[in-house]
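Each chain carries a letter (A, B, C and D) given by its place in the written order, and its residues are counted from 1.
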Amino acid sequence: TRPLGVAAIGYAFMGQAHSNAWRTVANHFDVPNFEQKVLVGRDAVAVAAAAKKYGWSESATDWREVIARDDIDIVDICAPGWLHAEIATAALAAGKHVLVEKPLANSLAESETMVAAAKAARAAGVRSMVGFNYRRIPALALAAKLIAEGELGSIRQVRASYLQDWLADSESPMTWRLRKETAGSGALSDIASHAIDQVQYLLGDTVTEVSGKLHTFTTERPGPDGPEPVTVDDAAWATLSMASGAMASVDVSRVALGQKNALRVEVYGTTGSITFNLENPNELYFLNGTEPIEVQGFRRILVTEPEHPYISGWWPQGHVLGWEHSFTHQIRDFLLNISTGTDPSPSFEEGYGVQQVLAAIETSSAAGGSTVAIPQIITISKD
Amino acid sequence: TRPLGVAAIGYAFMGQAHSNAWRTVANHFDVPNFEQKVLVGRDAVAVAAAAKKYGWSESATDWREVIARDDIDIVDICAPGWLHAEIATAALAAGKHVLVEKPLANSLAESETMVAAAKAARAAGVRSMVGFNYRRIPALALAAKLIAEGELGSIRQVRASYLQDWLADSESPMTWRLRKETAGSGALSDIASHAIDQVQYLLGDTVTEVSGKLHTFTTERPGPDGPEPVTVDDAAWATLSMASGAMASVDVSRVALGQKNALRVEVYGTTGSITFNLENPNELYFLNGTEPIEVQGFRRILVTEPEHPYISGWWPQGHVLGWEHSFTHQIRDFLLNISTGTDPSPSFEEGYGVQQVLAAIETSSAAGGSTVAIPQIITISKD
Amino acid sequence: TRPLGVAAIGYAFMGQAHSNAWRTVANHFDVPNFEQKVLVGRDAVAVAAAAKKYGWSESATDWREVIARDDIDIVDICAPGWLHAEIATAALAAGKHVLVEKPLANSLAESETMVAAAKAARAAGVRSMVGFNYRRIPALALAAKLIAEGELGSIRQVRASYLQDWLADSESPMTWRLRKETAGSGALSDIASHAIDQVQYLLGDTVTEVSGKLHTFTTERPGPDGPEPVTVDDAAWATLSMASGAMASVDVSRVALGQKNALRVEVYGTTGSITFNLENPNELYFLNGTEPIEVQGFRRILVTEPEHPYISGWWPQGHVLGWEHSFTHQIRDFLLNISTGTDPSPSFEEGYGVQQVLAAIETSSAAGGSTVAIPQIITISKD
Amino acid sequence: TRPLGVAAIGYAFMGQAHSNAWRTVANHFDVPNFEQKVLVGRDAVAVAAAAKKYGWSESATDWREVIARDDIDIVDICAPGWLHAEIATAALAAGKHVLVEKPLANSLAESETMVAAAKAARAAGVRSMVGFNYRRIPALALAAKLIAEGELGSIRQVRASYLQDWLADSESPMTWRLRKETAGSGALSDIASHAIDQVQYLLGDTVTEVSGKLHTFTTERPGPDGPEPVTVDDAAWATLSMASGAMASVDVSRVALGQKNALRVEVYGTTGSITFNLENPNELYFLNGTEPIEVQGFRRILVTEPEHPYISGWWPQGHVLGWEHSFTHQIRDFLLNISTGTDPSPSFEEGYGVQQVLAAIETSSAAGGSTVAIPQIITISKD
């Protein structure tokens, strides 16, 4: 059979990260044959240059034409969130396997359309996945494994936060990420989405109720034609009740000066605990509460051993990986799902679950923090 | 003039910590002369043994008799919270300077009585102080100084948490600390009170609104006569709006397995940030955001230099202090307030301010997280 | 002009690391056009598979034929150390630019041959470089820059160590790395070479005298035909006197259980200090001793800002790099040296300088630690 | 029986630290009754003030008179090293139990006299101890226990260093500590002595051979009458061969800018490892190499549990101790030795063992690093 043909849409930050993963995945993992066929963008000159640089054979400006091509089997959507629903549903309808960047979409309504499209496509053997790439960081994959194996006992509480500081400067200019109509929300959808996905992923659990608060510290920023109002949040806080009875807290900020990319997760169970910080992504801290108290303590596991998730494709122990490798692992798993005919995780339904929590936090915030229940998630039917 | 006569009430954990501070303060600091006169407790034999061990000349079982004594000038109240109001108001009325352990009391009503008593006594030159001892940890005192001097610019947000694990074992037995009638609340009053005091102290700011949630993970624990219901919280979460416009979050837990005494504070301003963890109390992490980005980073200040608060009384640089020394510094400052005729801080009014926030969090939690405003604090009139 | 043709020799650990760098460098940096032409190895089947996996157009088994090809401009030598001299001198004689893995060779005599070959080739515009890739870790490149700019004042002492544990298990089997005839020495040439190169690189200084000690903890290991003697060191210690008057210590081990890849460097100057650990390669710790003592401390610089060396080719701040990226940067710089007609650093002469120190440590160890002077390094004549 | 009468000689830094320990030990531990009788110093006014401040009943200026007093049972020698031998031998001859600050003395000859005196006194039931107080830091006591119990297997190597920076400023003035005739040596006897004692203590092993180097970075410093030569070392490096076959390295510095009191110890065994840093004295890092590799890592043990050495006398878990508490524990153990009629450790013989290593390092340094054997230690005869 011919190699799988891949098209990617978008060549900004996420486009570069995904391209890098496509470029390198086969050098490290056994994956089905594929070809980096075409990179799609709106600016013909810029996308042609990006395609050349990132290793794509061609470039194009019309994604509709691309997804109609017979030689394209996979569509990797790295475009901004407001385009996700339209592209993804069209691509799935065209029978293309779809990987879409997180968050799934900018609104619940769009997300629902995408879930329906994914469900229909799934019946036809077409795969879909949402790009919560941090699940593929070896340390977090190990955390999930340890929790699933019961090493932490019953989980009581989770503390998840994601702190950045790229908006700490009040004079930092206006962008599409700071307008509600293009971004949906601010720190909430951009980074709280990652934190919430981790909570649900690590615990294998779902949020049932939330209380939340959004805040915008800098309400106006310089635009090309003078000051513009910032219409999304800079920071958000929420408490989450889980179906299992566990409690979680999530807080995120884009103005936490000095914190660069600090997704921190702490999970406390009845017999063990785990902590993680994305600024040191090769480290997982694990406490085994069943050991003699004399020698108990959080141990720093340098997650670079062949026994650890994904590491066998890389280097000997102690030779650490970087942020980008989570994308490489994501592509590897997506390709294996396609070749083995299995459904990827996180599915669009899981992405929709995160959207529901984000929406509930917004609703709660607007209501002064009152508790908001999460509607039951659409059942994933795999038959 | 004769030395100040000191009486302490209570000889459990806090009584030992305060006694240790009285025992050592004059070895390290120039303070007015005083004598450890009498230690008061309910069990005559036990308190006599404790008095001997902790360096008190006498012991007694009736605190009313002790505060009536002419040779007692200072009453240090280390008894449980439900006794604070009665003892403190009586001692102040008797003209004794009063140091009372935190939190100020178990209820707002009691706190108000105490504030009124402190105000009346203040007019007569009688001093009162509530024992939020962590203000006297050199690293936190340095943090407050740096913030007050503007090194962080305008504060945007604070993240404060206090995690312990002494209730992580579900079979850990029932105590008075787990009953609402004796403890008032659980983690909230015991440890969130410290976190909230730090937020207000470090920022020189007050909380105006809260949204909060309390939770009890283990609802029943073994008592002497079989299982008993736990009627206080194991954990609490809150978001706090500050008068300045800053935002703060506070979360506390007694079941965070592996966290032993982790009061963590992170303060993010427009030009600098600070982080602290009580498990490493000699360290303050400070980021100066005005430096060239090439060399910016959180620096670990080992707060053991003679230039640092309280250190000149101790050891050369790098010879670290422990948890207990915060009490020594507290006594030192209290004694200096008495000798110089100045009012201690934190005052009962400040302690009452913390109580208001605690009460509002409980109210908000009972109302599903709805925002609750803090009533205006009683004005501190010093004339 | 046609793209530069590249051949790589060797496809084991280092061959994979170099291949990965060739595969990705152009996706992130502006470099002259080149093509991954041919991968060379002894086993035809295995090298063909590796070539396919790592992105090389062809494979071959005879390196002599490959370096004779007109379409090959660059030879990247990833073969074991005992082959370096023969291949490198032949390739340079054939007018090919040569990158050779560290250490330069297994013996001083071989190194001298290589230096002579590099010198001759340099006169003809042919470039040569030895692969001390850690110079290209952004944090260490930043360290070198800060030191060169005088941020540390005059350097007094350096502490460099490199701790691993892959030989901690006494039953770990015999390999070519544990035989003197194939490996030259053990931890000394493998990892102390990195540490020594860092000392000389960071300080811009040279070692003049050494006292050293080698030790083999496990003197026999299982081979295919029964136990075999280990004829190289497991660990080494040395003190180094520098031309500037600075002192350095180096110690390395392959049995430091729990240390996975801990190249640690500490540099102490009269006005500043720096520390680094390769297990957290994105962090540089820097203390500025000219600041007020009240706020002095080692700051953690997360070396991921666009202002930092090499970072502009990668991701936004806080999105960390891994171990492998040092190779990508090495290839980038090597390619730029070729295109701009400048001499790469570290040169073969610099590699030879490291060999001299290694040899002197061996000599000193054999003489019970007596001080051994380093002969004056061969002058680098660039005209 | 009457309480033990204690005299202390010296009221500078060490005098204050010892006084503080005498002042507090009985508040925390069950020890025999004792009284802080008299503090001895040369300056009558200053020592009187110090005695009052530190809790001694009297002061005196003639130590000979004091050790002759019948009401004195214990002599605690905190005077500088050149006085140790004279005072200690006299006090032991007078039948007083003696605690002497480390190092034992300034010369081997003096040390030998002291060992002989201690041996003679021991036969008469008179106890003697040298004050390597860091053995009584709970974390290091725990480390010793774990090693003794075999948790690390067979020890292969130790890395011990002690870094300070109080001489980093070249203009820091001349003191008695920088003259060979008063101090014996510099960093070597002051801080390498601690490191060497730890190596021998933790491993229960003795040094057999050394290779060492001493260095003085700043050879002249301002004295009251102009520049004076510094005649002791600022820094030292040594490799130590142990009787067991283990290897150790020790390096110390007083000019490691930014390191305040960093006694670091790393012990690597066949089945486990330990690391420690005195700047965070409540933490012990322990790696259990027999666990599954998937979850192996150095764990941070916060050594504040009741199960940990010495902690039961102090606070609940997580309430950390400081540097000074090692002295409190030392006094506690010394008092218990006296009351139970057992010999303290470290004995004068153990102190002498450290002196032998220090002397050998000096000899080796003078001989350019050549290996120097340690003469067999004087046998400790306890009968």
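The criterion applied here is as follows: contacts are C-beta pairs under 8 Å (C-beta built on N, C-alpha and C of every residue); 3 or more make two chains touch, one makes a residue touch a chain.
Computed from a predicted model, the values in this text were never measured in an experiment.
**Q** Could you check which of A-D, C-D or A-C has the same interface as A-B, with more than half of the contact pairs identical by residue number?
**A** Answer for A-B: the repeating interface is C-D.
**Q** Most remote chain relative to chain A, going by C-alpha centroids?
**A** Centre of mass proxy via C-alpha means gives D as farthest from chain A.
**Q** Suppose each chain is reduced to the average of its Cα coordinates; what separation in Å results between chain B and chain D?
**A** Here chain B and chain D have centroids separated by 36 Å.
**Q** Between chain B and chain C, what is the gap in Å from one C-alpha centre to the other?
**A** Once rounded, the distance between the two centres reads 54 Å.
**Q** Where the centres are mean C-alpha positions, what is the separation of chain C from chain D, in Å?
**A** Comparing mean C-alpha positions, chain D is 41 Å from chain C.
**Q** For chain C, what residues touch not just one other chain but two or more?
**A** Residues 259, 287, 296-298, 302 of chain C touch two or more partner chains.
**Q** Which residues of chain D touch chain C in the complex?
**A** That would be residues 156-157, 159, 161, 165, 168, 170, 211, 213, 215, 217, 235, 237, 239, 247, 249, 251, 253, 255-259, 266, 268-273, 287, 289, 296-298, 364, 367-371 of chain D.
**Q** Which residues of chain B touch chain C in their complex?
**A** 142, 146, 151, 285-288, 292-302, 305, 307-308
**Q** Would you tell me which residues of chain D are touching chain B in their complex?
**A** Touch residues, chain D against chain B: 13, 16-17, 19-20, 23-24, 26-28, 53-55, 164, 166, 259-262, 278-282, 302, 304, 314-325.
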